[in-house]
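Note that the chains are named A, B and C in the order they appear, and that numbering of residues resets to 1 at the start of each chain.
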Amino acid sequence: MSASLGELAERFELGLHGPAERRVTTVGTLATADVSAVAFFANPLYRAQLGTTRAGAVVLHERDRAACPVPALVAANPYAAYARIAGFLHPLSPAAPGIHASASVAGDASVADSAEVQAHVCIGSGTRIGPRCLIGAGSIIGAHVVIEADTRLAPRVVVLDRVHVGARCLLHSGAVVGADGFGFAADRGGWIKVPQLGSVMIGNDVEIGANTAIDRGTIENTVIGDGVKLDNLIQIAHNVRIGAHTVMAGMSGIAGSTRVGERCLIGGAVSIIGHLEICDDVTILVRSVVTRSIKLAGTYSGVLPADEAARWRRKVARFNRLDGFEERLRRLEQGAGAGPQKRDKDHG
Amino acid sequence: MSASLGELAERFELGLHGPAERRVTTVGTLATADVSAVAFFANPLYRAQLGTTRAGAVVLHERDRAACPVPALVAANPYAAYARIAGFLHPLSPAAPGIHASASVAGDASVADSAEVQAHVCIGSGTRIGPRCLIGAGSIIGAHVVIEADTRLAPRVVVLDRVHVGARCLLHSGAVVGADGFGFAADRGGWIKVPQLGSVMIGNDVEIGANTAIDRGTIENTVIGDGVKLDNLIQIAHNVRIGAHTVMAGMSGIAGSTRVGERCLIGGAVSIIGHLEICDDVTILVRSVVTRSIKLAGTYSGVLPADEAARWRRKVARFNRLDGFEERLRRLEQGAGAGPQKRDKDHG
Amino acid sequence: MSASLGELAERFELGLHGPAERRVTTVGTLATADVSAVAFFANPLYRAQLGTTRAGAVVLHERDRAACPVPALVAANPYAAYARIAGFLHPLSPAAPGIHASASVAGDASVADSAEVQAHVCIGSGTRIGPRCLIGAGSIIGAHVVIEADTRLAPRVVVLDRVHVGARCLLHSGAVVGADGFGFAADRGGWIKVPQLGSVMIGNDVEIGANTAIDRGTIENTVIGDGVKLDNLIQIAHNVRIGAHTVMAGMSGIAGSTRVGERCLIGGAVSIIGHLEICDDVTILVRSVVTRSIKLAGTYSGVLPADEAARWRRKVARFNRLDGFEERLRRLEQGAGAGPQKRDKDHG
């Protein structure tokens, strides 16, 4: 796809400073873009690169325009404008309607005429695939599943019985939606399986990363809200509910029955234990472990950064003898003649 | 499936307080079950819901019977009894015997007549699939594998050469059993692969979660005991042995050659390093890192819970200067005129 | 495969102490090897087993030869020599040239005559599969992919459009190479997808574990250097670059745009945040979280080992009141009459 700067400015409501007729065909970084590519500038770390860029145009904020040596496309939110331009110049190829001869589609499944079903796909009984959906090669879709319009499954996705996937979703390879939740009742030294009878409801505009797993609910449904974005290798346990537009980075996990609010930002490798409530607009930084409900919007953290190993070992040793520290403090306080100090309020 | 309360009481040896002829068809939560559904009460947190439930019956302990406004099924272990009732009312559909035309089955493989092999399955040379097994669509089973009776593979499971899977197991989508262990010998700045010649032995009644990986042993086998339950996205490295009835929650990992005892409960996102021994009846709480063998049954923990970010930063800062604390304590102790205090026993 | 000790000594340039004509057919551990198997001794922990081994021969260092009761193959690097012998005695079966009838290969894809393409494989348009490659059952290879000579994909691997995989690589089941990186621009409470236009370049002699995910770059490529070894369930985000011969253990993750040097050793469940630089020859121990660039080769650590739960709770309580400790220290220092002590240099 190619476009002139003038077309881009008009389509995305950007200010244009430069030749409207210049044509661009792609996007690039400030450092590597040539005259055919649009770059963007949003992170001050890259200011030096802005000064020397040879891009065909740069998407940036009005305040940075003076520093830009090439044509500028001015936006209130340059990164969002850049994302839109990149999507416009590199559109997804549309679904190629039809069902591959090697696919196995149940007789009573309904596949929209405009949908593409690639090789070695299986589609179960009573399942409905909406208009313009693309079901990637080797994907397995169970029985009584609904996949709404314009949703795409990359190759080798699994969507199990009765799951509902909204419109315009994107599920990446290896994702498994609707496997049994992990529920067992202890009995005489063994375990009895608790049937997992609920399903998974996925809203519209959801993205699910490679090899991410979302389990079905025990009785009710696991629910993923509209616009939620899940990265790779995430675990969503049974009965979890995630509010609209929440984003989770890779390798995070949420244990059973926890509810996460809307517009939360959950960093990589975060663990949230079960049966909690996390309110809206919570940010949780990388690798934190959340063990209590969060009722206040804000930023939460819980990681001790790695250090050079010998120094770290000393820290661990001191952590392990904090007990002794407290005892020594107490002795000193008593020895100081004033008797034991009043304990600090934050003591356990 | 439907049953009368009388039938349920008799089949599962429960006390019945209410009309034996009332019929139920499903299960539900205390809050949402209607008269056709059985609920259970085991967690005191839900006592208020018990008081207002409209369930057809509630499975509960004798001591809670008086608080139940609807018919009661009395059990010593209500959750286990509930699990059995749920399984009875919602039985798995039996395997539909036969091999799908699109499956690729080696000429010398043996598939029981009563087994179901779904579309796009591959079964390798010399492999044996037992009676009433169900092999889900797109699953790949290598050569010389044995899968015992009544085991089910969800769609798109991989079981590689020579793995042995016991009876009545359930493997979820994306699970990979028998990939190479991770073994390399350092040599002149590069790595030489150590062939992984062992296999994986999986006992009876084992459940393996979605996208979980269990590697084959280097020389001997990786061994998963009877009744072990593994959640999603778990990593079991080569030569690990897990004792019977041990349960691991999602995203946990066990490094090479570690042995875990029987009836252990391993929380989510736990890491256990290699070459350890964990004895029987050990509970390890969420996200702990186990770096030493555990020889005493009991509960082990190792996580610092996340906190509001500014408060957390102060904690980290203080953790990082524990060194200084100790030095200041020492100076105070010396200044106190009593000379350095005897060091506490737990000092490193 | 079988070989005499003399042949092994000659082929791998080892010293032989024992009968050159003795034939061995396999490898084993010191404890279990019989006369037909070669064992190795490298870890002093196993010295007792060396003394009683019945192996056909033991690969060991010259300094340990006297302690060996059976024939010895002497090597400067016994583990590497053992790995080579094991690989020689248990060679991979060569690719069986040909394309399975059930595979779906694009008309303009090029598959070397000597390559093996197993059942239910899909190969996209313009893709090139090199000589002696083996593409395992159910693997999906996108369009315009290049897979160089002698590379093997285990069953059910996904390699997406335009990815380049070098020679002699081994990709394990469930690995996904080339899914979209996780990039979204915030806009009015929602998210706009940032197209992921780069690809993944994988060098030669790379191994990628089961269910590991390597995302494509945003504009440029994600790059995995020659000889890199990645274990299972690893997440490599977009734009990451990993230097040659670096090894990562299972469940580790690297966030976007971070560069890791050559010959690094990254332990299990390590997290490295985005936009960092880790220099060559860095070792990062299990479960560490790396939050800053590392410019100095060496060993880094960051984990607090689990402890018995009651003891751990006391540690956490004390960690949480370090604040109070500092305040009490300060009061004591002031009370000591010398006024506040000069603060230690490492204070924040």
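Please note the rule applied: a residue touches a chain if its C-beta (ideal position, glycine included) is under 8 Å from a C-beta of that chain, and two chains touch if they have at least 3 such contacts.
Please read all numbers here as calculations on a predicted model, not as lab measurements.
A.B. asks: Sort the chain contact graph into one of these: line, ring, star, complete or other.
C.D. replies: Its topology is that of a complete graph.
A.B. asks: Same or different interface residues for subunit B and subunit C, judged by whether over half of the residue numbers are used by both?
C.D. replies: On the two sides of the subunit C and subunit B interface, the residue numbers are mostly different, under half being shared.
A.B. asks: Please work out the Cα centroid separation of subunit B and subunit C, and write it as a whole number of Å.
C.D. replies: Taking the mean C-alpha position of each chain, the two centres sit 25 Å apart.
A.B. asks: Would you give the residues of subunit C that are in contact with at least 2 other chains, written as numbers and ranges?
C.D. replies: 102, 120, 138, 156, 174, 211, 233, 251, 304-305, 319-320, 322-323, 325, 329, 332, 336
A.B. asks: Can you check the complex and tell me which residues of subunit A touch subunit B?
C.D. replies: Of all residues in subunit A, those touching subunit B are 102, 104, 120, 122, 138, 140, 142, 156, 158, 160, 174, 176, 179-180, 182-187, 189-195, 197, 211, 213, 215, 219-220, 233, 235, 237, 251, 253, 255, 271, 273, 283-285, 288-292, 296, 298-302, 304-305, 314-315, 317-325, 327-329, 331-332, 335-336.
A.B. asks: So in the complex, the part of subunit B that touches subunit A is made up of which residues?
C.D. replies: Touch residues, subunit B against subunit A: 26-29, 32, 77, 79-80, 82-84, 86-87, 90, 100, 102, 118-120, 136-138, 154-156, 170, 172-174, 205, 207, 209-211, 227, 229, 231-233, 245, 247, 249-251, 263, 268-269, 286-287, 303-309, 312-313, 316, 319-320, 322-323, 325-326, 329, 332-333, 336, 338, 341, 343-348.
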